[in-house]
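In order of appearance the chains are A, B, C, D and E, and numbering begins at 1 in each one.
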Amino acid sequence: MSVLPALDVGLALLVVGVAAWTIAARNLFASVVGYVAYGLLLALVWVRLYAPDVALTEAAVGGGVTGVLLVTAGKRLDALASAEVGVPPGRALKILAGALAALVAGALAWVVLTLPSPAPSLAPAAAEAAAGPGAGLGNPITAVLISYRSFDTMLEKVVLILAVLGVWSVGADAAWGAAPAPLRKVRPDGAMILLAQFLAPVGLLIGVHIFWVGADAPGGAFQGGALLAAMGMVAMMARLAEPPRIDSRKLRLALVAGPAVFLIVGVAGLALADNLFAYPQNFAKPLILFIEAFMVLSIAVALPMLVCGPPNGSPK
Amino acid sequence: MTASPGGALLVFAVLTPVAGILLSFALGGRAAERITLALAPIGLALAGFIAFLVARSGAPLVYVIGGLPPPLGIALRADGASATMMVAAALIVPAAAFYARAKFATPDGVAESRGALTFWIMLQAIWAALNLIFLGADLFNLYVALELLTFAAVPLVCIDGRPETLAAALRYLLFALFGSISYLLGVALLYGGYGTLDIVLLGERIAATPLVWTAAALMTAGLLAKTALFPLHIWLPPAHANAPAAASAVLSGLVVKGSFFLTLRLWFYVLPALPMAAPAAILGTLGGCAALFGSILALRQPRLKLLVAYSTVAQIGYLFLVFPLASAPAGGALGWSGGFVQVLAHAFAKAAMFLSAGVLAEALGHDRIAHFSGAARALPLTFLTLGLGGLSLMGLPPSGGFEAKWLMLRACAASGQWIWAVPILGGGLLAGGYVYRILAPALADGVVEVKARPQLSRELVALGLVGVALALAFAPEGFFEFIQIGRPLAGGGAS
Amino acid sequence: MKDVLLVATLAAPLAFLAACFVRAWRPRALGLQFLAPAPGLAAGLLGLSGTPVSVSGLGFALRLDPPGALLLSFSALLWIVASAALWREKAPDARFGVCWLLTMIGSLGVFVAGDLVSFYLLYALVSLPAYGLFAFSDDPEKKRAGAVYLAFALAGEAVLLAAFALLAAGAPQGVGIAEVMAALPASPYRGAVLVLVVAGFGMKMGLVPFNGWMPLNYRAAPIPVAAVLSGAGVKAGVIGLLRFLPLGASMAEAGEALAILGFVTAFYGLAVGLTQRESKSILAYSSISQMGVIAAALGLGLAAADSGAAGDMAFYAANHLLVKAALFVTIGALAARQPLWALALAGALALSLAGLPLTGGALAKLASKAQFDAGWPKNLATLSSIGSAMLMTHFFTRLVSGDAAKDAATETPAALARLWPAVALGALLLPWLFADNPGEALKLDALWDGLWPVATGVALALVWRRLSVPQIPAGDSIVLYERGFARLMALGPAFERADANLRQWPAAGVSLLLIVLALLAAGLEQAAEKVPFR
Amino acid sequence: MTPPILAGLVGAALVGFGLYGLICDPHPLRKLLAFNLVGSGVFLVFGIVARRGAAAGFAFDPVPQAMVITGIVVAFAASALAVALILRLAAASGKVTLDPRAWTKRDDGGAR
Amino acid sequence: MSALIDLFSVAAIGAGLFFFFAGTVGLLRFPDSLTRLHALSKADNLGLGLVVLGLIPRAENPLAALKLLVVWALVLLSGASTAQLIGRALRRGRK
């Protein structure tokens, strides 16, 4: 199979080319579109790096949700046609910046190419731990995320909540409590509605599937949640669903459910397994699935709320 | 690595404010304020108890999360330095919270308001993030903590929604992201080189290779961007000067210290094997320039809050002198102590000064220094606080600022690094200049119109904070031994 | 007993200060302030003889030795008189009162500070709060004087901090003044310490070229404030030199350099003082000149490894303390009425500074004899006596001519004016009680030695009156400094522009990358250096 | 060329392009795009490290991959916050420039 | 049998690739957006269908084959809908 290396090189060139286009494009919207394409291509690179979990995440978030976020932002900015932008730096500064960026990139490339061999790895340790603390999980990444480095994962969900609150906080005082503006201003037409009606249920199913198999196969809470979030956004774009009011108790509970359950189970670990964020040997897998279920919920709600933006309109 | 008795407290020090955030967010409205205020004594008790345990055992306190030791798992570790910083945070954050009660109360008649909910939750988030930064022993975990800190700090800057503050917040966010991605790149390289991100393990394994140098350069630069060390102070003055006073106090007093603390961790704990003379000289030079440049600009600001913000730029500069001073073979312990006393003295003095600036702006309806004539008679307590804070900034006794300068100068002398005495002394003189600019007109004979009498309790909160900054001058010998607990021996020796 | 009094020296004024912060107690605390220096006076009197006493605690150490005790007693006395007179009628002003007490604490404290940190703290107290005694005002002249004063005070603090850090670095065993001074002769930083110490305390004493703030300060200050600052305040610089010059160690070149600096200051002060018209300015320049004499004597003592110079100069300074304070009061007391006896008393007081026989000044002159024993120092010292007599006669004639100080009468408390004869007599006679061997001064040759320079000076001064010499602006070199400072301030906008440019996003981004690359290059360079050795 | 090496070069190139865009492009939204480019370059470095760490029956080292997933979430959250700020800034002032001089012309000493 | 299946696969995938190629040529060569859209959506839907058809016999189990079909169906759905949306947007833009 000598095609594969050639394909790899082609893919690499394509990714770099699209990235360069994203930076060089004259027009804001063109560069946003370039970035969305870039996100999808990058997912392929991740597949080639034997990272299906990351590929899933990158496709869903890098290409999908971020794409919607940026396209929406680009459109809303265009609507404010008068938005004045600062002046670009002069030619000398550009050349200097380019040279320095190239130097840093060169240094990085050199270091990456001369990484030590044999490479240090925690894979053996993870394999060993899979019998213990990671009990019953066939997907080592899920084990890392929910068990070995659970503290990171929980805090990252808190970051997500802070980001949601941060996004809400830039809204107007008078609008507090209201729902964010819908993703599309105009009522969509048949095609969009049809797409949403077909795609959303299927996507929902796939999202839950990805979460469910995540314990043993590529997939997991984040990937599943991101897919669900994307489906929710498709529905919103078709105006089949509207963003909820931000003071809705259900919304708030859904957002905190993931980290809160994680935290409670983690603290309970002190009683059940003698250690904070440890799981009792026999219940590890069900407990992990339990936590992940709530994480899926929180992620699936948080991502669309981040895209929707601050509350808009009147609170009553 | 095994857990020490009482180590679970470390996790609770982080989890308590995290639980506060989640509860506040779920319950909304007035609950957020009540929860934050209720957290204050708990947080202080936790920090105090952790400090007590560290002092009693004379060794760092360690907890392994989930019972799975590094490299696969994550540990938390409290040494003298982290315990000290935690106590400082546990004093300043509640003080800011108490001060902010009037401004960020949820108004009557609404269940929840934008400013109040944001402020109270973000304040708790800053606390959680800082505690994690002080305790974290895993570089990626610390990355998450840094991001938590940034995400909490940015909305506080633009909480009043004026376009200037939005621009300041945006600039802060983008530059901070620039910094965090640089840091993260370094983390990736270190993992690629050593297969672990645990600070202790890395400290044992690392050797001076190009990979390590690259990682160190990237991580350091990223952290400097977040600390706003000159010439990366692009975001600090507008952000700190435009945020509400209580937020500015926390941002200037504590938040920039978070990334500074990580820079210290990086060089003295992760990279002790690297010969440090050259990078320390670079950091010291930047710090020295910051001390002089920031002070000169502070001399020229028309508004009190901008002046105080530029003074932060200058004072951050002093902090970085700790790198050449504490890594020197002679006088390293003096330099380390001096650096920490400077961190603490500035944290308390600057928080107090921002709170006072807030009181003053509300009382006078403006904070233009040119119109201060006679203000000290109208607001004696506030100007007393500003004056005492200024005393510490100038490095005059009796104040923590003096203690810091005294230790640092002795470290300069002991290690023969005279050059660092120039910014230390010159910056002090310039600080004298800008403090004079505030106080001299205020103490003159003019008459100002007071629009609203300040609340005594708020003035006393600020005065209390500045009192701590002064009390540092009387720190007993044991305190200096305490902040040395768990400090690896000076950088550069091993290779 | 002595140690209790030693602590009380600081504790008593501190207690008054604390009382000022309670609104209800404030008027009484301010009114009874004259009691605050009393323990200091007692401690000073008891400490005049016997071995030094030390007390330490809370990280501070206090120590009293005979030279310090002499200055302490005279300072305390001055503070008692000034406070008693001042607060009898002055309306309680919290700003002023607090600054007064803080200055008092510092002024008394520097004489008893036993370690570097305490000394530094108390020295800062005697320097900085004094700003509030004359400069809390919108009056441009006072604001200028205040700013100049503060600039010199802060610069002095910075220089001293560096000096003290070096002293501490040379003495690993502790930061007690006795310890660091014992270690100084062997310290590698000896030379640097000496330069910094002279520069730092020189700023307080008004040694050339740091002399310009003094005339501005005394002109702006009301009479009682000028009295305590010129009397007690400036002596903080003297005690600093006494404490921190390694007088027992032989350092010939350094000592001679200091002596030359001292004489330059002495004659410079006389020369500029003679061109002044305003009586407060004349007194300021006289102070500058006298401090020059002290510095010169200490320099010669240093060169000769004469540790006795400390005691001698303490006495010289103590005499100056009383006389100069009394002279300031004289300006106020004689502004309204000038009876003949008062003029005689004032004349004697003025000429005491030149060493007029039978006055305290004669004793002071005698005390400096050991240093100015022979050769050029002796001639220069005599010359400076003549000059002093000239200057003081000039002062006296300005005083008598009445247009000396317009508001001198109003700013002198009536009680102080009434008390003036006692003050003046005290200043003339008190030194006799404290001199080692007053009999020496009554010998015939001593009397003659004292008399002829004074007479010559008076005669020259009368000639000088006929000449019309252009006036040098008060503060002389300050005018130049201010011009330089203004030029520095003009750089401000350039810094602002630089800041605005640096805070442009592209500049900041480029800086970030430059920092990355600089750190990387620094590291790799070090790595490259290491390779051959591995 | 094996995928890790190739990906390393791609990652470095992405970081380079991203840094340039982050510095030179005046529009904050495009700075955000550039930030995301740098971010994905950094994640690729993690990916290479993970791939090189293949051992013990795993085709990759799971720890760095898990970190990438966490990192992507954080980067997305940051992007969302930045977009919200940009939009609000544009709506409130009609400007989206980051130039400090655009915001300091008016002297405001008003109370906060 | 297996040779036959291989032949079928090669033929179907080859035909699919041809349609992809044709669609891409259309995308590059056609004069305006509507015609480009026409070329792209038709060719891609058919091309992908043929590729999926060629891969189905090679699937390990029926579930995998089903997945392939679902993939095709989803692409059909989204391709058709987006083509519609773009078309309408273009028409609105022309007005």
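Observations on the model:
What we mean here is this: a residue touches a chain if its C-beta (ideal position, glycine included) is under 8 Å from a C-beta of that chain, and two chains touch if they have at least 3 such contacts.
Just so it is clear, the structure is predicted and the values come from calculations on it, not from any experiment.
Both chain B and chain D are touched by A, C. Path length between chain B and chain C in the touching-chain graph (shortest route): 1. Of all the chains shown, the one with its CA centroid nearest the global CA centroid is B. Distance from the centre of chain C peaks at E, each centre being the average of the chain's Cα atoms. The busiest chain interface, judged by C-beta pairs in contact, is A-D. Here the CA centre of chain A is 13 Å from the CA centre of chain D. Taking each chain's centre as the average of its CA atoms, chain D and chain E sit 34 Å apart. Between chain B and chain E, the centres computed from C-alpha atoms are 58 Å apart. Within chain C, residues 503-507, 509-510, 513, 516-517, 520 each touch two or more of the remaining chains. For chain B, the set of residues touching two or more other chains reads 72, 140, 144, 147, 151, 154-155, 158, 161, 166, 171, 178, 185, 189, 192, 195, 210, 214, 234. In chain A, the residues touching two or more other chains are 86, 89, 93, 97, 100-101, 104, 107-108, 112, 115, 119-122, 126, 148-149, 152, 156, 159, 162-163, 166, 170-171.
Chains touching one another, given as pairs, are A-B, A-C, A-D, A-E, B-C, B-D, C-D. Chain D contributes residues 15, 22, 28, 31-32, 35, 38-39, 42, 45-46, 48-49, 52-53, 61, 63-64, 67, 70-71, 74, 77-78, 81-82, 85-86, 88-89, 92-93, 95, 97-98, 100, 102-104, 107-112 to its touches with chain B in the complex. Those residues of chain B whose C-beta lies close enough to touch chain C in the complex are 171, 175, 178-179, 182, 208-210, 212-214, 216-218, 220-221, 224-225, 230-234, 237, 274-275, 277-279, 281-282, 286, 293, 296-297, 299-300, 331, 373, 376-377, 380, 394-398, 402, 405-406, 409-410, 412-414, 421, 425-426, 428-429, 432, 436, 440, 443-446, 474, 476, 495.
Contacts from chain C toward chain B in the complex involve residues 58-59, 94-95, 117, 120-121, 124, 128, 132, 135-138, 143, 146-147, 150, 154-155, 157-159, 161-162, 164-166, 168-169, 189, 492, 495-496, 499, 502-505, 507-509, 511-513, 515-520, 522-527, 530. The residues of chain A lying in touch with chain D in their complex are 5, 8-9, 12, 15-16, 19-20, 22-23, 28, 31-32, 35, 38-39, 42, 45-46, 48-51, 53-54, 57-58, 61-62, 65-66, 69-70, 73-74, 76-77, 80, 82-89, 93-94, 97-98, 100-102, 104-106, 108-109, 112-113, 115, 117, 119-124, 126-127, 140-141, 143-145, 148-149, 152-153, 156, 159-160, 162-163, 166-167, 170-171, 222, 299, 303, 306-307, 309-310.
Interface of chain D with chain A (complex): residues 1, 3-21, 23-27, 29-30, 32-34, 36-37, 40, 43-45, 47-63, 65-70, 72-74, 76-81, 83-88, 90-91, 94-99, 102.
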